[in-house]
């Protein structure tokens, strides 16, 4: 039935009765494939410009592998986050071309490379311990077509380190700042640039860092306005927000 | 001395030795005016494209008025948030042309209207009690040159209300979603659109709403990736982030 | 002595001096069997319509097995929750007919199948990671005679997924909604139906999900009135509340 | 247009082409009236069997009065909770027949008395200080057609007080238990009955009662399964859940 | 030097110049033995009527054994709490007569049995999972000379279980009530008796039990006055308070 | 009926068939007087040796006065805590002999002076700001027949102040230690004496004192075993616990 | 008696049998004056080099005045913090020479000006709203003999503002950094200097600033080591720590 | 280039055009060595008088070893905290002369012994379980040139233990007080001395010690003014603060 409806739509599209946007608009409303324990939502690729990403924590390796295969089978690009080596092994058995970033804990498998988006997405971290989150952000950003680069270990303890990269900061279209402990780096960075700053607190620290809550609170209370705050360790979400910002830029730019 | 240096720079600029960007780059590094109890930072207008905004809470009416006058005297556009009617009276004595939005608690005084920016900034609220925060966001957005509009009271209790505005949501360049209680609206909205969604929790609710903390936590833990979260009741910051997103768009677009 | 009293009651019952309700009323007050480290309360079956359920966490496998045997010996239906495979092994040595649901972590042993109750108890989850809690609810519901069915992975990120099951939602007598992260699904579901909605937060998530506290707070602060909230991961309690609702229905209905 | 559609539906209904349920089903999907700062949702009366209730906190008296008038004008029954005497005055100017329960803080105005529902809804409180919440629950329950009665001040400090009302407890179709401080009463009550128990923590107490959080936590962690927990002081929500339970009972009973 | 001073005191005591109480009073002020990493305070036996108890958590087995030996060498009675089997092995190598209560995690070694104190110290638990804490309390109480007995698994879910032991409750000189989850049992018990009730919250529960915090808060907010609350899982402290109460009784009684 | 039963009991008592303890035992089980919004429990005087105390917060002056009159009418001794001057005025209109302690906020009216109990109840405070709580404890203690005295402002900042009162501390049968801020005084006191120490945290302090939570936590985690902890500012409960301890002492002493 | 002892000491001092340090050492152990509700500790001036400071919150104006008079009468320098204008009026009636800093809320009355101490104590604030705490610190510092100066409003939003004062920062012997919101300024300052940095969080902010807790946590988790953290708004304590540091410096310096 | 600049500076220094302070001032501003995942900041040795310390948690052994080698290669003294034996093994492979303190978890490697600083840094702990933190402080202090000594296990439970060390306390230039549980020791110590007291809460305790939060809160709320508080278990930071205090002393002293 859905296929019938889709056929009609496509015929009308070829006949010029519908624009491509009309087709996409219709497709966004179509139902999703039922996979018993997980509804794979292939149309999300159309709605969000990207397939459903697998958040691996709390799933078994075989569940991850099955969902990965399902996504890949429909031609989608696959990204799995918070994956363990065991999960990667389970996925690789079904998708030998899948790759694994060990620091990030991400499994990637791009059927078709994403369209490159304009504007640099700069990722900077306050310390070396923040690297896993930064890698998750970078891997996600690249799978989304962003031009992402990473500068590590430029915390506010040595403010001249931050100032050293002032040019890179000013050139970026969006900046993801990743910090644990007191989470002060986003305030300093956002005070230096006009671009949107996405702050990601990390669970780095001890005692009253409370697993990242202190960094999170510091970022939410930044004295510099216009900083976007993410959940603790959410490098994936930060990259996705960068993607929303830059792809909207492109869309708005097109319509101007 | 600074003036001398500035004169030199401007002379060299007129002589073609320096570009306009060179001038701006130099100006960004210049010091700030000393006002004893508050350092007014006129160059922030150059660095951020906007003068220093006065956060009124914890200041006395006469302090607010003095800072306002100082900003205005240098030709800057003035925005004061969380202002009381008493503060407005104190400002109006010095700046009769200042206006007051009672719901937002904002004082505005635009010496020169800001350049209009492309792309709609849509503000939606879950309930009518969220309006003060929404007004703060709208007033700020307008002072920053954004094309801001507001849709109120479309909470998830009646999901058809949200779907009713689907077209408006899809057309926006950036969406500010303001909600108290369980803070679920940003998830639903972000699931419907590709544009960046800025979520602002409000202190609306009672008991375990904990003055907006519950809404904040809900937003930070959204199952839809790419939502930017702000501090509780921070309509100003949300608008400023929208400004960063859209103005960077324009800047990046220019260089493409 | 209690037995003597019971004999007398039963004789008077046979003689028509007491109704069946009188007998049940008397039995409810009788004491419980003493098992040294645990008081097994066989009369709870009469008071609640179900024997004491074993909450396994914090007990040793041999303790679980001993209590299980004691319950089974008196002809009761057995349900043990949060059981490990080791506990199941210990129980199976004494009760070979006991079964184990690995996802739910429940041990069941029904001496006599419970009377089926009218009305569908629908269990839905926001994600696949919520399945263990959903299975615990389903296994419990079935041991209590409820007609329970499960729909998984219909979170608010894709609101059309929820709307897709609107008919099933409207047909249910009671709906158990299980969600982690921001816990927004119960609000959306409760906004669509008139039936009682039982919301179960799960410990799924990371960072500020705080082991399910965020989902719990979201549910307690739902903007839709009339949602019953359970402790985190308490699938058992949710099913028990569904049982209380539906069995009371039957009882009240009988007396109308 | 909607009216046209509605006319058609009703004509087809009169012609026997559509059942009453069909009509109701269609109406549930219709849009809502736009009131600028608040979307009044008259169809909620059909979807939930009751009009939108006004939660007054955070609204101005004139806003409350305007929404009240709007609801009344469409023939709906009005309930406003957490209302101040000032709000009542504003409402009474527009709706002279509205009444005010001072302890509950509720404004009521029933255009048409609701259909009485079968089954007693028993409300009990642990102390006299819990009365405002109990009154809110009772007023709401009555506006919803429930047969509600109230027993006050039977806390667990004197367990014989609770046992004194054992018959009333066993006869109820649903029991709302309202308690502050340690919030232990719902556990004791739920241990005595089979009916669903709705536990409402109150903000009564001092020091570590944390404005009701301690009572809430006690209720969420009840050792007796099947207790529905509400937000702190949420007497309205408790009554609404009782309404969902009893009205579903009736609906399910009808279809058996 | 101290020995010289002690000799003098004792000589004067034998000469009748000083009473026994004078001697004890002097001894209380004497310094302590230095053991490099732990100051063993043998005079605490005089000040408190009991030697220093070893809290084993955070100590290494060899440290525990060394302190144990030191205490034993001076003729003191030894009690070590929160001990692991490994620690017991280390102690037993030096003190073969030491015994281990596996459930309590206590190591005991009584050089001289303590004087029996009058009055029953009754320990009751709400569930079987509370037994480790109850055993720690019982072992401590016995080492202190108290007449301690234990009743397990009489939670408020079945209030008749509690009432069943009413006589035992009324006969006790002090009652230690141990409960996890909502921690309601102390309120019910304290409402039934005049004796002091010592409430010990346990870390039993899940989700919002927060490792015993909920039970603790419930106990602190008991609606029955005069309940002494201890830290979570602190069976040792509860027994010590019982000892302070009963031994003071004896002392005061003596002076009446 | 109850009266008839009571008459029978008393006749049998006069006839020597029942002891006085038998009578008291029976009376403890009798029901309570119904006062609509508050169940006055006159038998509590028998069960606890004291009438129901009125906790005034959250009650209206007229409610307080009505309950006070009811208690007084049955010959009970009255104590009302957390009373405002307005409440006292309302009570005095009905009970002219009632007295008011302004610092404590207690209303007292002793129909018959309580029997004096042996053993000193010493109350000490860390600072002068703790006096309201100390007065509440002292007034309560006196109404319960305790020999209570008060030493104020001996905090640990000057440890010699504490040591100065060492004799008074050692002579007491029970010590109530009242402290805000870091709440360290109970540890120091409990380290000096064998008597039971009742620790009452107060809401004195600022910033991270969190309204007394810090003092409470300090007391719960005392390194000295056997300290009884009360809710924040609960001077009444501390005195009641002292009463339970000393009256039980007397009871146990009698039976030895 | 104490006077007698003091006389003896002084005679022996004049006779050369005791050094001045011996006298001071003895005086430190002498008791304190009893003022019923407050123990005034005149010897603290000797032990700490400063009289007891009155923390006014929670005290009545007349209590403040009485303590002030008592301190003044013994020739001590008086400092009262968190004082209201009413308290100042009460004090001024008894001590006309007392002065009041309205921003700081401090009452001062120096009988003898304190000895000036070497080394600059620099106080800097992140915003103008932090001024009350900064004034409290400055007033306290001056009463303690410190050379204190204040720089206001140099938050990290404009990092060049901080760098502008680099010379002042490097010249200071101790730096008190006062900041609310995210509390990042102490990290940046401590990264620039070798001197000890005392960080004081303020309750400035809104929403998740949680009354200064966020700033406090940021300071405790500073990525720059060696920052001393104070309680929220504790300007007094910060100055006192500065005094301890600088006076010890002097003492150590003298003995080198 | 930097080397060239450095050469120039040094030449000018030799020529007397620049003072040594000028050189140091210039060096402080020079950039840092880029090590890809970690910016090693060799100039920190100049700015702070000490090289960058490696905080090992969250780093891999090979990362620790690489940074250690890099620091050592430039002639710096190395200190690594929170190191595991595995990390030490990795470091020792590259730096055979590195030593490991097992209790402290610190790796040290001093190329050149630091200049000894005047004034005793006294470290005292409340219990034996606090020793790891005390060792971290002592190791750090020694690497910084401080004269550090340690007294363990002198908690407030036996106040005479503390008073026993009064002379040592009064002689110290700075005192680091380490305590878990209720964290009361710093208050008592700070009340006895004039020197600055650095309070370090430890994660020692159970239940409501909340991993050291209770001790931290107790220290922040000390009734004795002028106590510096550190993050939980932060022995390193405490030693660093002691270093800042004492080295500034020396610097200020020099300039007097």
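A, B, C, D, E, F, G and H label the chains in the order they appear, each numbered from 1.
Here is the rule we use: contacts are C-beta pairs under 8 Å (C-beta built on N, C-alpha and C of every residue); 3 or more make two chains touch, one makes a residue touch a chain.
As the structure is a computational prediction, the values presented were derived from the model and not from experiment.
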Item to check | Contacts common to chain B and chain F (chain labels) | outcome: D, G
Checklist entry - Among the chains, which one keeps its Cα centre farthest from the Cα centre of chain D? => result H
Checklist entry - Which one of the chains is farthest from chain A, going by Cα centres? => result F
Checklist outcome for this item: Check: interface with higher C-beta contact count, A-G vs D-F, is A-G
Checklist outcome for this item: When centres are defined as mean Cα positions, the distance from chain D to chain H in whole Å is 61
Next on the checklist: I'd like the Å distance between the centres of chain E and chain G, where a centre is the mean of that chain's Cα atoms.
Outcome noted: 43
Checklist outcome for this item: Separation of the C-alpha centres, chain C versus chain E, in whole Å, is 39
Checklist outcome for this item: Check: chain E positions touching at least 2 other chains come out as 127, 158, 192, 207-209, 213, 216, 220-221, 231
Item to check | Interchain contacts (touch definition) - all pairs | outcome: A-B, A-C, A-G, A-H, B-C, B-D, B-G, C-D, C-E, D-E, D-F, E-F, E-H, F-G, F-H, G-H
Item to check | Footprint of chain C on chain B - complex, ascending | outcome: 126-127, 155-159, 162-163, 181-184, 187-188, 190-192, 205, 207-210, 213-215, 217-224
Item to check | Residues on chain D engaged by chain B in the complex (per definition of touch) | outcome: 29, 31-32, 36-39, 41, 44, 57-59, 63, 82, 201, 203, 211-213, 216, 231-234
Checklist entry - Which residues of chain A touch chain B in the complex? => result 47-49, 53, 118-119, 173-174, 192, 194-198, 216, 220-221, 225-231, 236-237, 240-241, 243-249, 251-253, 256
Checklist outcome for this item: Per the touch rule above, chain A residues touching chain H in the complex are 127-129, 131, 152-154, 158, 160-161, 164, 204, 206-209
